[in-house]
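Chain naming follows the written order as A, B, C and D, and within any one chain the residues start at number 1.
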Amino acid sequence: MNTFGHHLRLTTFGESHGPAIGGILDGMPSRIRISVEAVQERLDRRRPGNAKGTSARRETDKIRILSGLSFDGLTLGSPIGFIIENNDARPGDYERYADKFRPNHADFTYQAKYGIREAAGGGRASARETANWVAAGALAGHLTDLCGVCVKAWISGVGPWKAEDLYSGESDPERIQAVIAEAGERGDSVGGLVSCRISGVPAGLGDPVFGKLHSRLAAAMMSINAAKSFEYGLGRKASEAYGSEMADIFVPDACRPGRIGTLTNFSGGIQGGISNGNDICLAVAFKPTPTIMMPQATVDIHGQECMLQPAGRHDVCVAMRAVPVVEAMATLVIADALIASQAQSHTLWR
Amino acid sequence: MNTFGHHLRLTTFGESHGPAIGGILDGMPSRIRISVEAVQERLDRRRPGNAKGTSARRETDKIRILSGLSFDGLTLGSPIGFIIENNDARPGDYERYADKFRPNHADFTYQAKYGIREAAGGGRASARETANWVAAGALAGHLTDLCGVCVKAWISGVGPWKAEDLYSGESDPERIQAVIAEAGERGDSVGGLVSCRISGVPAGLGDPVFGKLHSRLAAAMMSINAAKSFEYGLGRKASEAYGSEMADIFVPDACRPGRIGTLTNFSGGIQGGISNGNDICLAVAFKPTPTIMMPQATVDIHGQECMLQPAGRHDVCVAMRAVPVVEAMATLVIADALIASQAQSHTLWR
Amino acid sequence: MNTFGHHLRLTTFGESHGPAIGGILDGMPSRIRISVEAVQERLDRRRPGNAKGTSARRETDKIRILSGLSFDGLTLGSPIGFIIENNDARPGDYERYADKFRPNHADFTYQAKYGIREAAGGGRASARETANWVAAGALAGHLTDLCGVCVKAWISGVGPWKAEDLYSGESDPERIQAVIAEAGERGDSVGGLVSCRISGVPAGLGDPVFGKLHSRLAAAMMSINAAKSFEYGLGRKASEAYGSEMADIFVPDACRPGRIGTLTNFSGGIQGGISNGNDICLAVAFKPTPTIMMPQATVDIHGQECMLQPAGRHDVCVAMRAVPVVEAMATLVIADALIASQAQSHTLWR
Amino acid sequence: MNTFGHHLRLTTFGESHGPAIGGILDGMPSRIRISVEAVQERLDRRRPGNAKGTSARRETDKIRILSGLSFDGLTLGSPIGFIIENNDARPGDYERYADKFRPNHADFTYQAKYGIREAAGGGRASARETANWVAAGALAGHLTDLCGVCVKAWISGVGPWKAEDLYSGESDPERIQAVIAEAGERGDSVGGLVSCRISGVPAGLGDPVFGKLHSRLAAAMMSINAAKSFEYGLGRKASEAYGSEMADIFVPDACRPGRIGTLTNFSGGIQGGISNGNDICLAVAFKPTPTIMMPQATVDIHGQECMLQPAGRHDVCVAMRAVPVVEAMATLVIADALIASQAQSHTLWR
């Protein structure tokens, strides 16, 4: 299943070390002005090689948009096709892995499922695929921008360090870099937590009962490579809470007369699967990069025990790279829900 | 969106205090022998009123299967339609809420989305809907049984108590009942954690990149009323881990010659979105029941401040009721993936 | 696949001689006033036994709506579940067919596909299923009515008789009854042609490239039992035409200043897969009822030759019964497209 | 909606005079050997400029496959992304149309739907898009080939000429060319009929009730530019037939002991929406190319009457170009149904 979304659908293709990756974004309303430069900027932000502890692979990640835009940059309502060439593919780096299963990677499971796999760089399982998502999220962001939605993600934990309030935006770049540097120097990798706040979402987005907004967000976030948990609002702590402590009491909205707000936001902006107008707050935990620069025992495709001496170019902490991907996936979910809400609007049929 | 699944699709309907709820399960392979009694047993297990601290609503929850089975109980390959009548609906209980928004409920968001809502019992937002899911999960369970899959959920945390190992099956019924009783006596409610272990899953289930098995499971679990977080394998703790500590080293499978196993199961049975043959381990946090037996401030549909004096019949800890629902949703996801894997099987086309 | 539609989705269940048939209509916008009586009237029109030459089966076809409506008949935005009990099921009538394949029926192909089949009345393959469609079409009709759309089907051909202009509404009830009576007296059955005109459709409905409005209509019509061809506008004759003869010349619309019309309607109201504001005109050919009251040679499920002496209750001309079904399916397609057009509207995002 | 298919899904993009068109074919089983040369050959067959009366546009139509294949040409099970560059795009040719609505084209309806349109070559509405379909059909053909399915389409009618038996394969190239040449010399265009025979299809493909095999084929064929009717088996003539004349009597299959055949094939290989093992026979009528080389009256986007002096490069008879497109779409439908039948197989679950 290489398609994501319902009204706004992203379909992608591409192996890590093939000639190119790309996608088709279908369902964008027409006459929205797109800045290709803004899309490129997002891709640049995701690009490896921009920070210490990230992969040394050097890709220009230049997007080529092949359809769906008028000569002056307006969406035509037709699907937006795009490709990103792989310039720095080095399939040779992976020859040593071709017949060995790397621990915690998708090598074994792809082989089990397909009876064949592209060893180089993990093939389709590579996080390189997320460049497609960032491109699509940036395109969709032009729609959410029009609606006043703002999506912001950041690192709220890495290894032993964690922000006290997951949703306050609090971070500690110095500490984060120190943890990553220390792990990297040992040839190790480290996990991390990414928080995300989506503000400006109107009340009424999301669908009962299987299309709950947080269910869609969960599916989106758990699609990201290395994601191990999803939570929103009170999240995991909800299991320890008492009802009397966590009620979001409704009050007349002080700033917007005639509208309704809440005193607190334990609900994380979603009640009964539908946005309530508060900021949507979520967090996603990412495991450490599975590839570490230490010898590891494993088996080969014949079931024989062997040793693996890792090489290739890898991030120390994938959570760092996931920040723009979390934003992109959140943007795609919200854009989809905004379009859906137009279709369902109870005010349009009268 | 009232349909769940891809190859095996459950579509449901029903308001909490309407005449009946029900669903259609489409995509079951033909010639599978169904025990209607086994389905009824599952429903009985979910039924309110069977334990202290659960809602006093008394429903017989008798399922009536209307199609899809031969006279001798074999699936025909046609959709299985079923209904469950609401016998103990008391819409009158909710009249006092008709124009007030209950905190942490879906009242406000449904009104925002639809411009209308069924106040009685939360209408479509009620957990009564999960009876449909349990019925469908029990039907699908006949398929997963044939494949040797076993799905087991249990309470692994409630309020201050939490199991040390989320996936060991460890529970503490006495402690759990004490926590719930204490909260209930105060008119309060309390959150809980449900763990689930799915064993017997063959390697190769799940789809890259947007149909990852854990993404499907996350979407399924986050569809359950009151769910606030989803995690699998190392889960939330992954953000604190180092790569060198959590590698699931591949080894020849001692019990099954020629097959491959792992020394540990930090991955939770899924690697790269595809099952690896190990047990799938996941956990879901549920918030406390939003309705508590204490007066609460709120606003009415005209935006005026008012007080809410709760009544109706409510669980103290929804997590308790969620256990069979978690199992049902997990079963639906695995059954769907099993059917998908037949379609994609690389061994069938040669 | 027992689900039809994209934004407005009908999912159905039911065997001809099971306890009940029914369906779930999901995606209706909220706050639309539904007349259950109007839905029942539509069902009554489809009902067998109302005209000479139709099946003698006597069903009251009373619909029971189980969800999705408020107490005062407004749609809630939640799925509308409904069932229609089978009162006059006589599975015994079909015992003689249980191990024989009736020619031109679905007996053999269901057995091939499913390895099992419900012999009574064709099971799921029975035209009784279309009662579900008529019910859903009548519900959806409340939406299309609001938008000023009018759907009208009629018999435009039966056996040797055919209307000169398929889309003029011309019919000949006397001639039609004579042809059917003659065939029925001989124990034979006869085919027919149903034309349909959909007026009041706004320009802009339908989707390139795989969601063309006529492609959706074709799929809908070819879902109806016994349908063998679909055409719209010039239809089959288009293959004989020259371009210079069939151009629909655009002109300023005389009645609606500032709008554009065409001098002719060879296009049948759809250009490039999208409605142009003209009436949508289509026609569907139906084969004769496969069951005739004459002995027929066939084989049994063991592959042995045998004779079939038909019985049961059957229509002489299924096209007669198909008229309200054609209207229902057309209504579902247009309602779906109307909802889609809201989602895609280029005027909503500015 | 730019996605076609359920298990095997083709998603496409591209405007006629944009930089490139392309698509993603998702759902191909793994380990199928693909000949890129065979795909290219199919594209060459569809290419304009290969016959008299076809457009003078010169495109090399070289396909570039970007993913989904191993280095030695086996499918990986991942999506197959491909692009076809537009080399001979001449948007300037269409400047004269930019503000006029061409009769029987999609100009007016696209403007109505999207509020914007790409005038050059019809943009997304151009038949150039069908190159994507032919590429995907050729890829899918490797799967249908493995299953012994053969798809063959041909011209069975053009203008005044029509084959007596639509499904016999009878054609008359000389007569066809004469009709087209005559029309072309007058600056006119002419309609045509394309027949298609699909042999080697196993019994049991297709789904009741909304996924009938002929319903899927109808939707596929009616997606092709200029298609105005679809019929299968007896087709349109079914409306004139009597049941006693058109029964396909079942008999033991003389060639394949233990299997069942029919004496005739009025059903066109499909009964109750499911293949019965006979050849599937269908026919599609195409209207004349809307653009003719004669002045035509029309209106411009401001609603003012004006004259249109056509230019550009156009086919005289689009049906000629549609032959490989009909084959491609038929192949995609059958491949999809073959994959579906694996998922549903009643023999796999025991």
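FYI, a residue touches a chain if its C-beta (ideal position, glycine included) is under 8 Å from a C-beta of that chain, and two chains touch if they have at least 3 such contacts.
If you're wondering where the values come from, they're calculated on a predicted model, not measured in any experiment.
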item	value
Centroid comparison with subunit D (C-alpha atoms), farthest chain	B
Pair joined by more contacting C-beta pairs (A-B or A-C)	A-B
Whole-Å gap separating subunit A and subunit C, where each centre is the average of the chain's CA atoms	44
Length of the line joining the C-alpha centres of subunit B and subunit C, rounded to whole Å	37
Subunit A-subunit B separation of Cα centroids, rounded to whole Å	25
Where subunit D touches two or more other chains at once, by residue number	1-3, 12, 30-31, 77-78, 113-116, 124, 208, 344, 346
Residues of subunit D that touch subunit A when the two form their complex	1-3, 9, 11-15, 18-24, 26, 30-31, 64, 66-68, 70, 74, 76-81, 83, 113-118, 123-124
List of subunit D residues in touch with subunit B within their complex	7, 27, 29-32, 77-78, 143, 146-147, 208, 339-340, 342-346, 348-350
Footprint of subunit A on subunit B - complex, ascending	1-4, 6, 12, 101, 103-106, 108-110, 112-116, 122, 124-125, 129, 157-160, 162, 183, 186, 188-193, 203-212, 214-216, 218-219, 221-223, 227-244, 246-252, 258-260, 262, 266-268, 270-277, 285-292, 294, 296-299, 303-305, 319, 341, 344, 346-347
